[in-house]
Amino acid sequence: MQLGLVGLGKMGFNMRDRLRKGGHEVIGYDPRPEVSDVPDLAGLARTAPRAVWVMVPSGDITNETIVGLSEVLSEGDLVIDGGNSRYTEDQPHAALLAEKKIGFIDAGVSGGIWGLTEGYGLMVGGSDEDVEKVMPIFDTLRPAGPREDGFVHAGPVGAGHFAKMVHNGVEYAMMTAYGEGYEMLAAEDLIKSPQEVYQAWTNGTVVRSWLQTLLAKALKEDPQLAEIRGYTDDSGEGRWTVEEAIRLRVPVPAIAASLFARFLSRQDDSPTMKAVAALRNQFGGHAVKRISEG
Amino acid sequence: MQLGLVGLGKMGFNMRDRLRKGGHEVIGYDPRPEVSDVPDLAGLARTAPRAVWVMVPSGDITNETIVGLSEVLSEGDLVIDGGNSRYTEDQPHAALLAEKKIGFIDAGVSGGIWGLTEGYGLMVGGSDEDVEKVMPIFDTLRPAGPREDGFVHAGPVGAGHFAKMVHNGVEYAMMTAYGEGYEMLAAEDLIKSPQEVYQAWTNGTVVRSWLQTLLAKALKEDPQLAEIRGYTDDSGEGRWTVEEAIRLRVPVPAIAASLFARFLSRQDDSPTMKAVAALRNQFGGHAVKRISEG
Amino acid sequence: MQLGLVGLGKMGFNMRDRLRKGGHEVIGYDPRPEVSDVPDLAGLARTAPRAVWVMVPSGDITNETIVGLSEVLSEGDLVIDGGNSRYTEDQPHAALLAEKKIGFIDAGVSGGIWGLTEGYGLMVGGSDEDVEKVMPIFDTLRPAGPREDGFVHAGPVGAGHFAKMVHNGVEYAMMTAYGEGYEMLAAEDLIKSPQEVYQAWTNGTVVRSWLQTLLAKALKEDPQLAEIRGYTDDSGEGRWTVEEAIRLRVPVPAIAASLFARFLSRQDDSPTMKAVAALRNQFGGHAVKRISEG
Amino acid sequence: MQLGLVGLGKMGFNMRDRLRKGGHEVIGYDPRPEVSDVPDLAGLARTAPRAVWVMVPSGDITNETIVGLSEVLSEGDLVIDGGNSRYTEDQPHAALLAEKKIGFIDAGVSGGIWGLTEGYGLMVGGSDEDVEKVMPIFDTLRPAGPREDGFVHAGPVGAGHFAKMVHNGVEYAMMTAYGEGYEMLAAEDLIKSPQEVYQAWTNGTVVRSWLQTLLAKALKEDPQLAEIRGYTDDSGEGRWTVEEAIRLRVPVPAIAASLFARFLSRQDDSPTMKAVAALRNQFGGHAVKRISEG
């Protein structure tokens, strides 16, 4: 089928490829003319009813794009937000588009740069009718195999991004789990090579996973991770997951610990621990390391 | 090759099967005559040099078994402890056997009841010479594919069980990660079916894994987990992992949180929270729930 | 000075008392006629410029009260929100009142039921001019001693409630700390009486505090806490603290752990741990406790 | 009464002072002749039955001191270990001394450098008879006021150090709580001065405490803690608390988080987070900070 695709960055570019290989006609728009198929949003789709997939950074840019599409699309068309929008933004976007009888689907997309070849895990929210309309697109994007193993219509508008947000929260905690395991292996003299252990975990063990295999690969490339700093960004979903957990009164100690570890990784020194060091000095006369000592 | 195997429980029984299918001659001993091949430890191995795999509960029973074997084996023989012994027990066991010039290997074995068909992930510690002797056994037990993907000679005696202990610590944290994700999906009204989301995560997503697929399977069997209580035992490795992390000064917040969650799952009520409730009552006049109110 | 006081619950009632003993003329309003001095908000203050202290539950009731006051007060008057409002609500309230040139102060008040006799810790936000106007009130409410030891003008509108929110977050973590200590003492056979240890900590130790003394008192009344359930509510501020920490990228593992412990205390069974138990059953054949087994 | 005192470091030196001011005859021994009253352990006590207080670093030095004392003391004498020994070492020490019918008491001592003037919080373990013998010493060391507010005979040998260990675990978590609060205040632009807020918390608030007042003092001396690094040692008790919590199956998330924060404060970069950064790079093409980029 025909699909407009806004945003040809790392993810959108690959998705256009995968969809075209799957036989779809994809018209991509990106502000960078060298990758864009058309000069503007208005050029995105020619055959009504039109479907446009938005794959741009969450927040203001997604918002502006959807407002822009509401101006060029018309009744019966459909917008799919495949970016990492916070699920609370979906209902307002759906309402905006509904004023012009344009449909809306939120689609959480997982798989990173590997999705091009392996397919993308998809979690979508929206009406049955809207989802049905673009099922051929979902079927091409998702991995081969049974539909229910890589695609879920998780619920009404918002459910797709909510499921994706939780997915990323789980991902944070898994990564921390593997990181803690690596650090312990690296700290223990008995272990000849943490890298070889991680390689051996890729098959047969209880902890094997796609991420685990990737860490084994990373360790093969740089067994001491000597070239990599622990500085780690967080992209919104992890923070939102903890915020939503609080709203839902769900205890998420492992996910929260993972989020806080990322915050810490970006601090030169921890103000909390400066206060602790100052306290110890006050009551116990414990030596503190002073900045002026270098 | 010929192998004596002590312990024909859930794990040992399956391993005997897999080894026999792989063409080895396995002589199994278990105190339960209905599964045992021989009446006692002395009957375990006929052809010198003998190799005996110990697959019994860690702690006293493993210890008694190794002492028993030191009495019936002789110079040039080899004992492999495939159970979940704490790695600190390996060196004493090796030393005991070395007095009689009997070799020792510690082998961490992962894979659970699925190892019979899929192969077991193996992490072993010992001398190159000893490991070489029983490599045919390891090659049959481990999954098909490259040796380094399911087997590692992690270091000297103790390294195998250390690696397995860390493996289980990581496993604890992964399970908590998936558990937290499930709880959030189940708490949010937008999500039609947490089970379907978990099913959809099994392919294409970043969080997919063997454990993740198992949770999807468990949720298919009982979508609300209505029949299962949260009460969860812990088996030693999780506790040891945190203890060793403390020794190594490695921060393991996600693993520790997972361990504490298991402790909590076995408490009728939390004494910590009883104290917190009592405190709130003292300073704020906040109502407390009294036992006598039912 | 003259002060109107809206809300004569546990906190407001005591504050009226303390202020009157301090020589102020307090006109209290409460929907319950038996405690109210006047029949309605309009009766609250007679002498211009008027100052009205709002001491009602945060959220809708505070909001309605401030809207109501904006209708009966006039230019040059002043509203102080002494309740536990989220600090993000302060600026909108200030703006609403500013339309009529009514001033606004947010005042975090700590001390619970003990404030009546010991004085209340006060953290306020607002303009220098507004704060100066009601300093006589603050000076009576705060504990005896130097003003800076029990009162802070923390910054512009919002700063008072922000400081109070953080105060309560810290309080959560302190309570958990004492709770964990109690649980450990209670679990160890060597310790004859956790209550006596807590009593002994009230003087001379590094951990002594007002809260610590209260826990010693609670344990004296019920040494096993046998009559108290761990079920613990949380009032907003703890949740907000973690949410704001996330916004500010501040790692707060101890406060978050304390918040999650409260969530857990209110669950009959943990869905996270049900998932973990289900997983263990899947891969290891570990027994699970089934509901049907009772 | 007469007391031998081994160890005249920061703690022992002050304790000798406080005891002498209390009218006791204290004979101090320290390897540094400039502070020592006698040249060796044998000179410590002249009047039988003798009591000797050991106030030296825990571990080997305490052990050697107690072995040394067992050689110069005799039947009916008494040794008090006032250092921060792990409680599991107390029973072996008691047994060693019991061979010569010398009594043993373990005494946890809290208060730091402030104990000299304010008195020391004391938690002791031992027999009623032994504790009775040196009660005059305990009564002088502990703060003025009721005995039970600064002294506890917590149980048999070991109970004193166990209670002190838990005390220090609680102390770790309280310090983290105050540290997290400070960091949040410092991160929020609305807050004019975190130092002033901490000062205002010293009176009337729920979170006020001796430690809290010390942090206010530290912040007064250096409001930004600009001169202090977060690097923080840990002294054994915090690690032991978590280890014993694991043995007792007591969940201690706040104490464990505090311990891990100290470990982290001493790392140049976190291997866990290096692994997480490496993983993100593998699956998402997320940029990592490379060491070679500086």
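So that you can tell them apart, the chains are marked A, B, C and D in the order they are listed, and the count of residues begins at 1 in each.
To be clear about the criterion, a contact is a pair of C-beta atoms (placed from the backbone, for glycine too) under 8 Å apart; a residue touches a chain by one contact, two chains touch by 3 or more.
Protein identities per chain, from UniProt: A, B, C, D = 6-phosphogluconate dehydrogenase.
Since this is a predicted model, take the numbers as computed values, not measurements.
Q: Between B-C and B-D, which chain pair is linked by the larger number of C-beta contacts?
A: B-C
Q: By mean C-alpha position, what chain is farthest away from chain D?
A: For chain D, the chain whose C-alpha mean is farthest off is A.
Q: Measuring from the mean C-alpha position of chain B to the mean C-alpha position of chain D, what distance in angstrom results?
A: Going by mean C-alpha positions, chain B sits 37 Å from chain D.
Q: Centre to centre, by mean C-alpha position, how many angstrom separate chain B and chain C?
A: Each chain's C-alpha centroid was found; their separation is 46 Å.
Q: Going by the contact rule already set, what residues in chain C reach two or more other chains?
A: Correct list: 112, 176, 178, 180, 183, 187, 206, 210-211, 249-253, 257, 260-261, 264, 270-272, 283.
Q: Drawing the touching chains as a network, do you get a line, a ring, a star, a complete graph or other?
A: complete
Q: What residues on chain D touch chain A, complex-wise?
A: These residues of chain D touch chain A: 10, 112-114, 175-176, 178-180, 182-183, 186-187, 210-211, 214-215, 217-219, 222, 225-233, 253, 257, 261-262, 264-265, 269-286, 288-292.
Q: Which part of chain B faces chain A closely enough to touch in the complex?
A: 87, 110-112, 115, 118-123, 125, 142-143, 145, 148-156, 158-159, 162-163, 166-171, 173-174, 176-178, 180-181, 183-185, 187-188, 190-193, 196-197, 199-212, 241, 244-245, 248-255, 257-258, 260-261
Q: Please output the residues of chain D touching chain B within their complex, sorted ascending.
A: The contact residues of chain D facing chain B are 206, 239, 242-243, 246, 249-253, 256-257, 259-261, 263-264, 266, 270-272, 283.
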